[in-house]
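I'd like to ask some things about the structure below.
Going in written order, the chains are labelled A, B, C and D, and every chain counts its residues from 1.
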Amino acid sequence: MKGLPPNWQISEIEPGLYSILDGTRSLEARVSRNHKGYVVDLNGQILEFELEDPRELSSGSRHHGRQGRADIVAPMPGKVVRVLVSAGDAVEEGQGLVVVEAMKMQNEMKAPKDGKVTAVSAKEGASIAAGQVLVTLE
Amino acid sequence: MKGLPPNWQISEIEPGLYSILDGTRSLEARVSRNHKGYVVDLNGQILEFELEDPRELSSGSRHHGRQGRADIVAPMPGKVVRVLVSAGDAVEEGQGLVVVEAMKMQNEMKAPKDGKVTAVSAKEGASIAAGQVLVTLE
Amino acid sequence: MFRKVLVANRGEIALRVIRALREMGIASVAVYSDADRNSLAVRMADEAVRLGPAPSAESYLRMDRILEAAALTGAEAIHPGYGFLSENDVFAAACESAGVKFIGPSAAAIRAVGSKTAARQVAKAAGAPIVPGIEEPVDSMDEARRVAREIGYPVLLKAVAGGGGKGMRRVDREADLEAALRDAASEAERSFRNAEVYIEKLVLEPRHIEIQVLGDEHGHMIHLGERECSLQRRHQKVIEESPSPVMLQYPELRHAMGEAALKVARAAGYYNAGTCEFLVDANRNFYFLEMNTRLQVEHPVTELVTVLDLVEWQLRIASGERLTLQQEDIQWRGWAIECRVYAEDPTADFMPSPGRIESVREPSGPGIRLDSAVYAGMTVPMEYDPLLAKLAVWASSRGRAIERMRRAISEYRISGIKTNLEFFDRVLADSEFRTGSFHTNYIPDFFARAGRSVAPTEDEMTAAKAIAVFHEAKRKPVTAGPAAGSRWRASLHAEVLR
Amino acid sequence: MFRKVLVANRGEIALRVIRALREMGIASVAVYSDADRNSLAVRMADEAVRLGPAPSAESYLRMDRILEAAALTGAEAIHPGYGFLSENDVFAAACESAGVKFIGPSAAAIRAVGSKTAARQVAKAAGAPIVPGIEEPVDSMDEARRVAREIGYPVLLKAVAGGGGKGMRRVDREADLEAALRDAASEAERSFRNAEVYIEKLVLEPRHIEIQVLGDEHGHMIHLGERECSLQRRHQKVIEESPSPVMLQYPELRHAMGEAALKVARAAGYYNAGTCEFLVDANRNFYFLEMNTRLQVEHPVTELVTVLDLVEWQLRIASGERLTLQQEDIQWRGWAIECRVYAEDPTADFMPSPGRIESVREPSGPGIRLDSAVYAGMTVPMEYDPLLAKLAVWASSRGRAIERMRRAISEYRISGIKTNLEFFDRVLADSEFRTGSFHTNYIPDFFARAGRSVAPTEDEMTAAKAIAVFHEAKRKPVTAGPAAGSRWRASLHAEVLR
């Protein structure tokens, strides 16, 4: 297998769960996917990343880099408690945009950069899914 | 659903695992199949049976009743340690036919009825699968 | 003893009570919201009754539905667990009226110490030390200003009906008081339907230590020592232990705090299990904070060091039995630590992480106690708090308990949602935590020192990516030639169109 | 202390040792046969080395491969677990020669008490009571007849190198002696490659009770009390407890048996953990049987009542540390019971049931200790013994421990293979078991009284069938009309042709 480190011997325990012997060193890894990309649990440590692999299933990245457009997406399923900005507002990095509630906790989604709000898709009281776009900045 | 007791409310936990509320009484059942038929774990009690249902998947019963032919099948995977009878032997109910070893234990397969050995498929030293025919009586 | 008991809760605490009932030969009745139809509590109980839709207000807070369920099943008593209706005196009284025993203190005792301000008055009258402040909710900005000036900044605003840090604000200077008061009151209103807030002196760098008490309905009460609960994030406890490390050096403190707790509880006419919370400053001055009139989340650490079964005693006491233990019977042996495993994402500021659990591997072996309510395939509901499980260990010493907990965490795997398991391992490895010398700001300080999460090394990232590529290749075998790519795309296309 | 230790075993005991190593900060090396490549031991250890194909003789019994693995990984010591090479003096000596510490007694001590006949001689010389019989293997039928007559029937034939009931036969009269001797010798030859058999007096209705000893390499040794091991089937223990119920009534017996065990162990120059097995008759006369020169399967019940960690002590002693515990430090608290969960079919005379485990749900909550090595999706190999897991509980009394074990069993589910979990529940509910008054024939007597398994009631069978029908309908939805049947058949056909 191209890309596999030398000395690796991999055995599948169940779909997505692998035991790896790197020489004599024992590793265990579980591979899964979420809305952001791959999640690998490597001996209890969680690593998240996107693969540049051409066969990646993702139907298009939602991340557009620091300079251009930025979609603020819900990191978890929940409910929109408050929308703090309107389309057209200028915002600063770190400014609160939307308050989302899940599991009895309120979480403020903050602007990742200075910019201007180009669209607000979040509606107060609405239920949202993980990965759903709430606000778009430019 | 025809055949379901009244007052039952069934919820599927995962394929084959069900939570049943019989009125307020809570039951949990796991349905699986082995070479003999259905295995239902009902609140920790194991029940085994064959269904008369026409849609049963079994490709034909191996059990032929007390009067006619009787196949002695391996109840578990293992190894044939000793074959105690030959084709043509007359045997009595309870007489040892074959010794099978698995998990460091030897188990003697006994004749379920008086009869005559018509075929011996078991070979000493051979590995066998659960449900494999070892000896046939008539 | 009761023949049948209804458990008016969900999650791990419902299982905890159902287990005790089964061991005592008492039939159990679970109640459930639609989000919990498939829960382990429903499946492990002898009977189960639906309450309503997922939101708590339509299910676990519906007193009428719960009492109907008790009547339907013939349950003789109700165990309220913690949270939900457990500290609700109206519910306790409603149970009494309905002829169903409420497993906990009397409605009158809940009223006497149920609100923080009432509890402070009881404690003051009983001679237990309290944090300087007032015992009444503030009813105007002017009064708030006057009180805060009197006791001196920094002060803490707290919800009268509160808990878990909701409706709580630290105020360092008068300029911030008005905004903080408004925020606290509105959060208190949202969380508890009670906007009342009071003010108290903020004790600097305190430990948060609580004392477990246990009393029968015949006037006999003892304490079971302390739990160290200083490790909190957003005013939520995350790691608890018993004993408190401070007691190793100053064993007389346990006795003094135990006596203070008993004074408060006795003054309130308290019985059954209850907990008095204290702040302890660097000079080991302790101040009574409030009383939790129910079983605590972290009761397992007390059970592990005293080898008593608190839920069994709750049931025995509620059925009228006498508490046969004397104070001198109670011994504390070894060390217990508990980690609260939450569905939250350490890399995203510990935001809640509800969702579907793909797989679970639980730790076991010597010295492990796991109180969990999750299973592979379960969808963790977003309507309730994010506690998935409590992982507790016992060992002969604090050092051994820490290593045992790290070993248990190394075996524990939950996939599909994020959890704080990695975070625990980092804290348990932290040299400051290991000294045992810390206060309630430990976790924010730890984050400031060590970051919220640790970035993987390049080697780890390379290994993880290699496995992911291997996994993809395994799922969709690549055949030679350019056809493979297009076949891949064709199947992807089919998937998208579905 | 060692920095790295190799675990020369498999299954739950390999995990038990790996867990102790991790808690002590010692790197662990697992070894595995091809059948165990995916085992939890391989995955939880820091390192893992392949030994060979599945059969023990080609893997876990290969001393050369194990020592090579130790050399390859730089392991400084080897923990042998139980079974396999754990009581093999040649292996202990080979480790010594290779400069790797064998975690157990010296090769000389294993030789001194490793064979039953040698152990009897040591015990006799040390003044510990032994069962009447001879200390030498019988070498002719004539001698066997003479000895049997001398000590009187019934007698027991036992393999010199034996264990687990292999090569053991009860003989009630001389007429049966010759056939029994031949059977025992050939079974001994097959099982241990040693056909030698000896004869001893059969003690009627005895309890089987064993004493745990623990000694350091500097001459200090103590005992940790007893384990009640009378519940056996085919001479395999299935339920163990500590204390023994007999000690409740006669506490002085523990001291007397403990002293006898220490006499034997000291006479053998024994150190590390070991166990002396005794038979105890109805008059509480006890007879030394043999010594197990290794950690016992059932060591958890001793750990639970003494709150000591035997594996930790094994490691500390092997690294040269002194045993800092004195006899008077040892206290026995509460009650522990262990059930050995085997892959076997209670409805088919407890025949082994290897195969694929479809799903597992493990019990947890207060007072549970589970030492298991199985997981959903695992294929239980047919090459090794059928122990899947050891389920142990602790509670304040025997009655509470029994109820806790029943609660744990009610939560425990293993599907895909058969287990003896239901059997345990039947025994734990049995009034004779609950009296605590029983002997080694309890299980055969129980079967005679109560049957090997309980047939389901008609209601249960109806419910089970209804669920199976529901399940089938769910898997293959039935649509209206006659087409459904033929579609069903078509899909079945497709399946068969695949």
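Methods note: a contact is a pair of C-beta atoms (placed from the backbone, for glycine too) under 8 Å apart; a residue touches a chain by one contact, two chains touch by 3 or more.
Quick caveat: nothing in here was measured; it's all calculated off a predicted structure.
Among the remaining chains, the Cα-based centre furthest from that of subunit C is the centre of B. The chain pair with more C-beta contacts between its two chains, of A-D and B-D, is B-D. Look at where the CA atoms of subunit B average out and do the same for subunit C: the two points lie 49 Å apart. Computed centre separation for the pair subunit B/subunit D is 28 angstrom, with centres defined by C-alpha atoms. Multi-chain contact residues of subunit C, defined as those touching 2 or more other chains: 44, 375, 410.
Residues of subunit A in contact with at least two other chains: none.
In the complex of the two chains, the subunit D residues touching subunit A come out as 29-30, 37-38, 42-49, 72-73, 375-377. By the touch criterion given at the top, residues 234, 343, 345, 347-349, 351-355, 358-359, 382-386, 409-410, 412-413, 415-416, 418, 421-422, 425, 456, 460-476, 478, 485, 488, 492, 496 of subunit C touch subunit A in their complex.
Of all residues in subunit D, only 15-16, 19-20, 22-25, 44, 300, 303, 307, 309, 333-334, 361-362, 364-372, 375, 396, 400, 403-404, 406-407, 410-411 touch subunit C in the complex they form. Residues of subunit B that touch subunit D in their complex: 1, 3-5, 8, 10, 12, 15-18, 20, 22, 27, 29-32, 38-49, 51, 53-57, 59, 75-79, 102-105, 107, 130. Subunit A meets subunit D in the complex at residues 11, 13-14, 19, 21, 24-26, 28.
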